[in-house]
Each structure stands twice: as structure tokens, then as C-alpha cells.
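Look for chain A in each of the two complexes below; its partner is chain B in the first and chain C in the second.
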Partner chain A sequence: MDFSVVSPQNLSQLRNAIRTLQRKPYRIGAGYTDLLMELRKSDTSDLTVINLAQINDNGLSHIKSLVNHVHIGAMVTATSICMNDDIARRFPTLQQAAANLASTQIRNVATIGGNLCTASPSGDMACAIVALKAHCVLMNVDGKKRVVPVVDFFTGPRTTCLKKNEFLYKIILPRNHKQTQHIHSGFIKVGTRNAMECSVVSLAYHIQVEESGYVIDAGIGIGASAPTIRFAEKAALNLIGKNMQNFTDENRNEFAKKVLTYASPISDVRATSWYRKEVLYNISKSVLV
Partner chain B sequence: MAKKNLKIIGTPVPKHDAKIRVTGEAVYGHDIKLPGMLYGAILRTEHPHATFTIDVSAAKKLPGVICVITADDVDTNNISYKRDHPILKKEEVNCIRDEIAAVAAETKEIAEKALKLIKVKYKIKKGIYEPLDALKSGAPLINKFSSGKFEHKNIAEKFYYEHGNIEEQRKKSMVVVKRTFTLPRMTHACLGTSNITAHYNKTTGKLLLYSSTQVPFLYQRDMAHALKMNPSDIRIIQPVIGGGFGSKLDMYPFEPICALLSIKTGRPVQILYSRHEEFLASPTRQPMTIEIEAGADKDGNFTFRDVNVIKDNGAYTSWGATTPFVIMQAFSSLYTLPACRFSATAIYTNNVFAGSFRGYGNPQATFALERVIDLLADKLGMDKAQIRIKNANRPGETTGQGLFFETCGHQDCLQTVIKKAGKKRKSENNRYRRGMGYASMIHVGGGAKIYRSDGCGTTIKIDPYGYCTIISGSNEIGQGSETVLAMIAAEELGISLDKIKVINTDTDIKPWDVGVHASRTSFVAGNSLLGAIRILKEKLNLKAGELLQEKSTSFNYEDGFIKTKSKQIALDKVVREMHFTLPNELAIASYFYEPSSQFQDKGFKGNVSGTYAFASQAIEVEVDTYTGNVRVLTVHVAQDVGKVLNPLLLDGQIHGGVLQGVGYALTEELIFKEGYLLNPNFHNYKLLTAADTPDIHFYPVETHDKQGPYGAKGVGEAPLIPTAAAIANAVCDALQIEMLELPITPERVLVALKNKNNK
Partner chain C sequence: MEVSFNLNGEKVKCKINPTISLLELLREEMGLTGTKPGCNEGECGACTVLIDGISVNACLYPAINIHGKELVTIEGLVTAEGKLDEVQQAMVKHGAVQCGFCTSGMVMNIKAMQRNLEHAHHVPGENIRVQPDRKNIMKWLEGNLCRCTGYVKIIDAAEEVLNKNKI
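Let's turn to the complex of A and B:
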């Protein structure tokens, strides 16, 4: 590996760094847990890595709990997400996704921004973020911000809507509804190992239930099942207005079938397309207990 | 004879080298840096089967490149026990590991850059990737150096064995089961990747190798043959070894290549594998299909086994081809059996070759055998525990193959795990299904007489300060043999452990030993050390008697003193008196121990080991029928270890072995497609982690075999041998399905469930 490194110390230096590299190949390094592996495989002789390790910016590195939203900076690590009480209590799907990522060592450095920008179809935190209907705040070299729904952030396997003069600044989670009395929220990761595992199939669900037991809002994200992480909108809508206590096998099958319409998985060395669909169907059923 | 009232043996002494390992001070092969050292790198083929032309001129011109070699530049002999493996391949490649050029350069980066400058033109040929395809008429000759002594040119090796009257036993059988099982390629995944540092001195003509081999003296001979040198001009020093598990039992092309680069340049050269290279180019467990037909009579007594094994030999031969030595033992002798017929054929293909791997064919055999035992029990309507206890081996038994069990803990092992595991817990719901599986194993426990000698030499000395140095032919690959040897010396000589040094890494110094394999080291090196101590004590006793004016020669060695009931003298004083007074003798002794085992005859009959180890495991699993994931809940292990020498080290062997066995059962497989390796990384090669470790309960069974040091048997391989078999049985029990293949991946589980539901 043979590349140049620039290490901006603050946001304006970061913007300048990106500005000066507009005509050259560059990559942004946050936790490096994916990037290093990738760089090892490629020709990096002309590459510059913009290293975020030394940057000092609260917007990038903090979790901020506000009245209507939670802001998560792109540099927030999986470990910080795991340990955040607001996220653990109100957004368990994200907490579980972060907690099941790789290993303690990797969680300590891997960032949520990296997980999104890598745009892997099997990204765990990214899948939960999709289920939570979050928005991404992108900033360009002039400091101008652009807000996009997270589903639109992903444009294909390993590609995003980020322009060359932009970077991911933060993620905004909408608060649960005021009427929500109970949340049924979690992250199901299917793989063979209990650690250091990349999802073969994943499903993030975040279902908000009012006092009487009726579903008032739902978000379903599926990972490793399509070229990008998908928001299973029809499956989520299907739940709204239904009572959580009264799900029948028929409801479960209907829901799972709707989830499956978003799946177009590939066969690769880890599993066949058949297996991924079969399992996605099964675990979808298991969401509606 | 060894001591009876033991103070050190049987206690949990921490590993001799634990501190230097955890502090990072241990010098592994990767840490060696010699003055003027160059970095070697190997260019491997891009295609499993092709003819090629090669142009290294651009690589040679790169500044910092000192030497580039291809097959045209070297004069060497083929390697492998079949001598069918050229070190550098010329004009044709036959598997995806094939080495076609090598460079030595001033830095690792330059060496890697030079590889990229080598121009190779391939003409891809259609390879053969299924063993039976290689036997079809019209199949091309795959290895042109093969012996050609078998009925087909693509057969690399064959074994045939039988005892008893199969037809008679078949008639006695009430039930007969026939199945074909398929076993995968598993890799050792040693934490320390393969490495070697070679230093050839042009002035003296001597070659010094820092090598992680498990078998330094056989390696010295093989290296000498490859390089056309005298073995004694080659000195092997073993740095600290980061994992062996059998992978370093053979010599592979990268090792003589490194030596050749040093010979050509006259400078030290080091080759370190990357993790990618380790997955690609280090040997694997032998893949095979096992066709087995087995019977039992109406009372559940086993009657016969008729077994045919087909092994994918890959393009060249390594020790994987000889695994039938061990495989046939499992089929002929695990559980009492009146008749057995066994044949095995290793067939050349354009796949990678297999080497030796902890268990040496036994996990494969045990999986097939123990699955069939469950099926026989099902057919008879018999309890799966009872059919095993009924047929278990007994002390005093001589098996059809001639293995003699002077001690045998098989029944104890089975009864222990069956009792401890109890009944399986009830499945909580339809999604998660619980199952229980049993399996046993037999393995050599006192070496294996395959080479001309299965012995080990030891020299022991005590210095004038009362410190003891053990120079052992055996070596340490992380299993703890240094610790056990130090414990034996401490026990017998009354010298504290911190005053005992073990020297075992240098072929110029240490006496001969056949190497670390076959679970033999504690047994063979331990007995060898006890022999040396006996001789040394005779000398010390004589001097102590003289100094104490004591006629008796019966002394106790305790706390640094040589004692009688009423008198004592410091051990170091006795040594000084030996050295410095007439007749001026050294406190030193040497001994060569050769086990009582026999060579097998041409029909593979004979008592091949000094003793035999037995083990049983009972494993409970929970299968998620939604995902196909198998969770191993508890593993109960009972193992006939003869005598526990060090419970801490023994526990380490059990835990490591069981987890390796779980990996073999459930997750680990090198996946090849048309000769290309698809998962050369930990991302997709599913080596298990600490987070996947099940609850392991271990119950040592002590049978006190008089052949072993203090009654001990070999323990190293046994813990992984029955694990996959027991897990497979448990999964089949949980789901009432059949599993004919390892690993039992989640996908294979769901496919089996689907097939069952569609029936």
C-alpha cells in the first residue's frame, strides 16, 4: 500500500482537503476497518487518503439528543452507539445492530458514517438506520448542507449519492411518535459465527405501538438481500393499524411475503440466493411474535 | 522406574514459556532479522491448469532486486515422499498453488513489485477436479512424475486391508446400513503464517535454516535431497512456532525455494506468507468420500464393516495420501469388530494437495463410522448409548488388525459422558430443536511406528550450581512439551522448575527424534527423559554414597538435596565433587528411547503404537429451523489419557481440540470451484472465535498404562476426533434428517429439512 495521507484538524480543513482533491482520486478514512482491506487489494499509488482520525468537530463525533430528533455524527463509533442510553431505550434496532457488529476491537473504531458510506448491502448499522427512516446530512466543500432520506443515499452496491465534493456529516433519527407507548424494535443478523461475522441476511424492524396495541408506525430494513439495503415499505405499511397482540399465522405469512418482494439476493460463496430468500421469509415471520 | 509419590506431575504448572509469549518477547520466525537479509517472494500461477511461458527480464532490472529464479535456473530433485513434486514448475502448471518463479530483493515491497513485473503467458487447459473423472478413459496424465505402479496412471497411492470373514458376518447381520459420506478441505489456519529464513554461507558451504518444521530431522534429510546437499551440512533451528496442527509435517516448495535464493545470492533470505498465501498454499485436511457398509446382529453386536475411500490427491502427493494408515484403524478397531475390509485410493487431480492435520484422517473416519452406528441403532430400535457401550473396546483386547490394548478406557469414557450429559433437554418450541449425539474414537497414544525408528533421544546434564539442562530431540509447537519435560525432571531430581532449561531447537545439538506428530511427544520424549534421568541418577547416587559414606544407593531427591533417612547432601555439591575431584566425571547422561511398538506387515497388521488413547463425547445442540444455524450447547468429553501429567495443559488441548472439531463439523471449508480457491480469507473461511465456544466439560479417565511416563498416553489429537461425528449425530437426532456431508452449514440444514418435508 502506497498512498498519500492528509489529516485535517477541523471541518474547514476537511472541506479544503476535499476541494483540492477534486481532480484526483481520494478516499476518506474514518475507522479504516473496511477501507484498509479494500486498499490492500487495489492499486493505491495515485491515491490520497483523507484521514479523519485527528479531526475535532462535535457535529461529526457526537450523539446529540434533541426534542424531535437524535443527531448522530458520522464519526460516532459503534461502541458509542451501543453505550448511548437514549438509543438503547428508544431505538433498540440500532443499538442491537451496533452491538452485533464484528468484534469489540472493531466496534471501538468502526464508525456509523463508514458503515453507511461503504454502502455494503450487508451493512448492519446502515440496515437499522434504514428501518428508522433516518435522514443523512451531506455537506459540500463550501459548507452547504443537503439532507437526503437514507434510502436514497444508497444508489447501488458500494455506491452512494455523495458527490465528489461532498461528505457525510451526520445522520438524523426522527423521534418516536408521542402516542407511542411501546416499541417493538430489534435487529436480526443471520450468519454462521457469533463474532467477526458479515450478515448473510439481516432484518431491522422498528414498530411503534400505541396504548391500545395498534401499530401506528413501522420501519423494516433488509440487508444482504438486494444490491442495496432496502426499506420494505409495503411490509411496513401492512402492519399499520393492526393490533400487535392479535397477529395470526396468516398475518405473519402475508407480512413475510411482502418483505420478500424487496429481496433479489445473489448467490455467492457465503450462501445461495435460495437460502437468503428462505431465511428472510422465516425471520420476517418471527418478527411478529 | 518413575517415582510413585508425585509432587509436580499431575499439578497445574503454567506453561514454561507463557511469560515470553504473552509479553511479545518470544522470537517467532517472523521476528528474525539477520544482517544483510533479503526478502523473498514467490510468483504462483494464476490458473489451476495451463501451459505457460515466462519472461523475468523486467523484474531482474528493477533496482533492489538481487535474484530472480525460475525452473530453468535451478538443479534440484523433486520433493514429497513420492518425489512427484517439482519445486519450481516448468512450462506447465497443475494446481492453483504452483510456484513458477521467485525473487529476492532488498525489501519486501521491492520483491512484491518485482513479481508484478514478471510476464507470464498462459494457455489455459481444461483441468480435472473430480477424482473419479481422472480415472475415466482418455483422461490425461496429471502428474508426469507419478510412480505409475498402480493400475491407472492417475492413481497416486492405494491401501488395502482386511480381517475376518465379511461374507459370514454379513449373513449373521440382522441389519445392514450403507452410506457414502463426503468430507471437506479444512485448513489449519495457524496464527503464525508459514515462514522460513535461509542463510547459506558460500565460504563454508553450509546452510542454516530457521524453520517452523515439526519434524526437523526428517526435514533436514528432505531438504538435503531436494538441494542435492549432505544432510549434515544443513542446520535447522526452530524459532518459536505459531501453531502446527500437522501443517508443518512435510516440506513444501517455498522452503527449498528460500534456500535456493540464499544459495544463489550468498545472503540470508526470508520468506513470510501473507494470510492470503497461507490459505492458498498451506496444506489442508485430506478431503475424501467414504463409502461404508456396516452390519449388526439382532442383539446389536457389530458384525462387519466394508469401506471404500476415494481421496482427492491434488496435483502432487503429500502426507494426506497416507491418512488411510489411521483411517483403517478406526474402521478395523473402534468398537470390537469380527470382520473388516478396507480400501483407499488417492487419485491425482488439478486441485490442491492435502497434508497432515491433527487427527490424520481419523475425524473423517469417525464421522462416517459413528453416523452409521446411529443408523444401525435406529434400524434395530436400540438405544444409541447402549449399542455403543455394548460394543466398546475392552482392556486386554487384540483387535483384528493386531492392535493390543493393555489398558483401555473406552467403556469408562462412554459411560461417563452418557451419564454426565443425561437426557437431552426438551425443545422449547417448534423453531428451535434440541438433539443429543454420541461418538467415540481410538487413536495412537504412544507414537506410531511408521519410520525406521519412532524413538527420541535425550541428553540431560546438571551444572555445578545445581541447574539442570534437558537437551531433547523432541520439539515444542505450542503443545507444552517443554513444560512437561521440565516437570518430569523436577519430579525425579528434586530440582525446582525455575532451575530447569529445555534445549530443543537445534539439529546440530539435539539428538535424533522423529518429530512432533501422532500425539507422541509427552509419551516418547517423556520416556526418553526418564531413561536419561535413571542413568544420571546412577552416577549421582554413587558419588553421593561416597560423600555421605552411605552404602545404600537408595536416595531421595528432594528440594535440591540427595537424601537418605538420616543424612543429606546438596545436589549441586555432589555435582561439583563429581566434576572437580577424581575421577572427574560430568553429571551428564544420554538415552535413546524406542517404543515397544511393531512395524505393521504388508497387510497393515501389527501393534503399531506403544499404547492407544480412547475418548468419547456427548454433545447437545440446538438447531434453529428458521435459519439452519446449529448452536452447540454442551460438550461432554471423557478421554483415556492414561494419567494426567498437567491438568492445565490438558484442558488447553481439550478446549482447543473441541473448538477445532466444532469448526470442522459446522463452519470450516475451503471452497474451490474448478480449481480456483474462492475464500482465501477469514471473512469467508469461517474459523470459529472465542464467542462461539460451547460449554465444555472434561472428565479425564486414568488407566495408568505401564508403557507411558507415569502411565500417561498421548492426548493432543483426540479432543477433535469425535467432535464432528457427535455434532452430526446430534443434528440428525434433533431434526430426524440425514447428514452425509461436512460441514453442516445452515444452508445444508435447511436443504435437508426441505427434502424431508417434501418427502
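Let's turn to the complex of A and C:
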């Protein structure tokens, strides 16, 4: 490997580094769990890696619990998400997605920003972030911010809406509604083995229920089922106004069918398209227990 | 590029090529071969080391980022008098070592779990402590592969040492 490395120490140095590389190939390195592997396999002679690991910036590396939102910096690791009380209590889908990603050693360095920017259709934390209807805050070289809904952040397999002069700064999760008394929230990951597995199909759900048992808000994200992670909007809307305690088999089938309309999976070494659809249908039904 | 860091309790400084991994730095530049190269892809955990107390795969960690950090490798667990660390002693007692290739990575990751038990509640907002039962130990060690498949004895050793000083 013969790439060069720049290690900005703060945000303004980072913006300058990106500015000076506008006409050259560069990659941003955060946790390096995917990037180092990729660099070892490719010609890197003309490449610069912008190393984020030494930047000291709270916005980039902290979880901030606010009244209406939770801000998660792009450099926050999967372990920090797993260990955060606020996220574990109020956004279990994200906590479970982070806890089931790869292994302890990988979670200790892998960042949520990296999981999103890699834009893999099977990204675990990214799938939960979609179900939570989060927004991404992008910053450009002039320090100007742009906020995009996470579903619009993904434009295809491994591509995002990030421009060459921008980077992902943080993720904003909206708080659950005040009327929400109970959350039915989780992350289902189906793979060919338990540990260190890339999802064959994944489903993130975050359903907010008021005191009387009626659903007031719902978010459903599906992974490894389409070119990008998708928000199953019709399936989520279908749940609103229904009572969590009285789901019938008919409701479950209707919901699963609606989820499936968002799936267009490929066949690859890990599973066939047919298998992925069958699994997605069945795990969707299992959400409405 | 020059990096300075704390290695097994001692301050060190070295000039490195900025593209090498921490594993290459340890084994090839510093001669510390206790950290094992297995898959070199972050799958097997044989190269696990502790950076600021948390377990990391050295094969996927750029050596430049060790600057300013505290690094502990398997060589750092033995005392000056040559006494083994309690995790190592438990591994010996339970016969948890077969070919030995995964052992240093296993020991370092069990050490990281022990540290989580002792320190988790000191970090603001991150006060979730992982209980050292068998299920959680297996989950914690899921990124350490033993191809002799001697997992039962390794987990026995971890369970004993992690429950020794129950808080």
C-alpha cells in the first residue's frame, strides 16, 4: 500500500484537507474496519486517506441527548451506541443493531458514520437509523450544513448523496412522541451463522404505542433486500391507528405483504432472491406478535 | 511519520511508514510476536490488543492512530517477576490452550471484559455493565476464533476469572 495520509486535528483542518483534494482521489478513514481491507486490494498510488481518528470535536465524536432530539456524531462507535443508556431505553432498534454488528473488537472501532457512508444494503446500524426516521447532517468545506432525511442519503448500492466537498457530520434522531407509553422496537437480523455475520435479510422496527394500546407512529427499515436500505412507508402507515393487542393473522399478512413491496433482493452466495423474500415475509409477520 | 505512545507501561517513540497496520508495527518493527497474525481481515481475533483499555483487532488498526494512546499487548500482562496475569492463570488451570494460536487474542479480549466490569460505570452516559455469565462471555468472545474448537474450556476459564471479584 502506498497511499498518503493526512490527519486533521480539528474540523477546520478537516475542511481544508477536503478542499485541497477536490481534484484528486481521496477516501475518508474513520474506523477502518472496511477501508483497510479495501485499500489492501486496490491500487492506491494516487490516493490520499483523510484520517478522522485524531480529530478532537465533540459534535463528531459524542452522543448528545437533547429535549427533542438525540445527536450522534459520525465518529461515534458501535460500542458507544450499545453502552448508551438513553439509546438502550428509547431506541432499542438501534441498540440491538449496534450490539449485533460483527464482533466486540470491530464494534469498538467501527463508527456509525462509516456504516452509513459505506451505504451497504446490509448495513445494520444504517437499517435501524432508517426505521427511526433520522436525518443526516452533512457539512461542506465552507462549514455550511445540509440536512437530509436518511432515506435520501442512500442513492444506490455503496453510493450516497454526499458531494465531493462534503462529509457526514452527525445523525439526528427525533425523540419519541410525548404520548408514547410503550415502544415496540427491535432489530431482526437473519444470517447463515450467529457471530461475525453479514445480514442475509434484516428488519428494523420502531413502533410507538399510546396508553390505550393504539399505534401512533411507526418506522420500518429493511436491509439486504433492495439496492439500498429502504423505509417501508406503506407498511408503517398501515399500523398507525391499530391496536397493538389485537393483531389478527389477517393484519399480520397484510403488513408483511406491504413490507415485501419494498423488496427486490438479489441472489448471491449468501442467499437466493426467493429465500430472502420468504424470510422477510416471515420476520415481518413476527414483528406483530 | 513519528508516533509516540505508551507500550505495556513504557513510553516509546518510533518512526513508521504511515500505511502500516498496528499488527505490522508490533511484529515486524518492534519484534513483539505474541500478537498473532491470523486472517489479517478482522475476522479471527488472534491479533487482539488493548488500546486505552478496549479490545481492538491490530490487523485493522492503522499504526499512525496509536499516537498518544495506551497500548497493552500479551507481553504486557506478565509481571516483572514473570508471574502470569490471572486471566492467563485461569486459562492454564482449565486446560484452555491447545495449539495456542488463538490464546493471546482470547486472553486480551477476556481482559477487556474484565476491565468493562471494573470501569463501565465511571463513563458518563455509558454505564451499561456486561454481566459475566456464560451467554454474555460467548457473545463478548464471538470475534475470537479457536480452530481447535476448544471453546468450552476457554469459556470456563473466563467465567471463573470474571466472577472472582464480583462487585
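Following the convention adopted for this analysis, the second predicted complex is superposed on the first by the 289 of 289 C-alpha atoms of A that agree within 3 Å, B and C clash if a C-alpha of one lies under 4 Å from a C-alpha of the other, contacts with A are read in each partner's own complex, and residues count from 1 in each chain.
Operating definition for what follows: contacts are C-beta pairs under 8 Å (C-beta built on N, C-alpha and C of every residue); 3 or more make two chains touch, one makes a residue touch a chain.
All values derive from a computational prediction rather than experimental measurement.
Once the two complexes are laid over each other on the shared chain, residue contacts for A:180 go to neither chain B nor chain C. By the touch criterion defined above, A:253 reaches neither chain B nor chain C. Shared-chain residue A:83: touches chain C; no touch with chain B. In the superposition on chain A, the chain among chain B and chain C reaching more residues of chain A is C. In the superposition on chain A, A:105 makes contact with chain C only, while chain B stays out of contact range. Within the superposed three-chain model, A:270 lies in touch with chain B and out of touch with chain C [touch as defined at top].
Contacts of A:196 after superposition: both chain B and chain C are touched. Of the two partner chains placed by superposition, only chain B is touched by A:279; chain C is not. Overlap of the chain B and chain C contact sets on chain A: residues 2, 103, 194-196. Within the complex, the chain A residues that touch chain C are 1-5, 7, 29, 32-33, 36-37, 39, 44, 51, 53-54, 63, 65, 79-80, 82-86, 88, 102-106, 108-109, 194-196.
Taken in their complex, chain B has these residues touching chain A: 109, 431, 626-629, 666-667, 671, 678-679, 682-684, 686, 688-692, 745-747, 750, 754. Chain A contributes residues 2, 103, 190, 192-196, 198, 200, 269-272, 275, 278-279, 282-283, 285-286 to its touches with chain B in the complex. Chain C makes touch with chain A in their complex at residues 1, 18-19, 21, 41-43, 45, 48, 54-57, 60-62, 64-65, 67, 109, 112, 120, 123, 125-128, 140-144.
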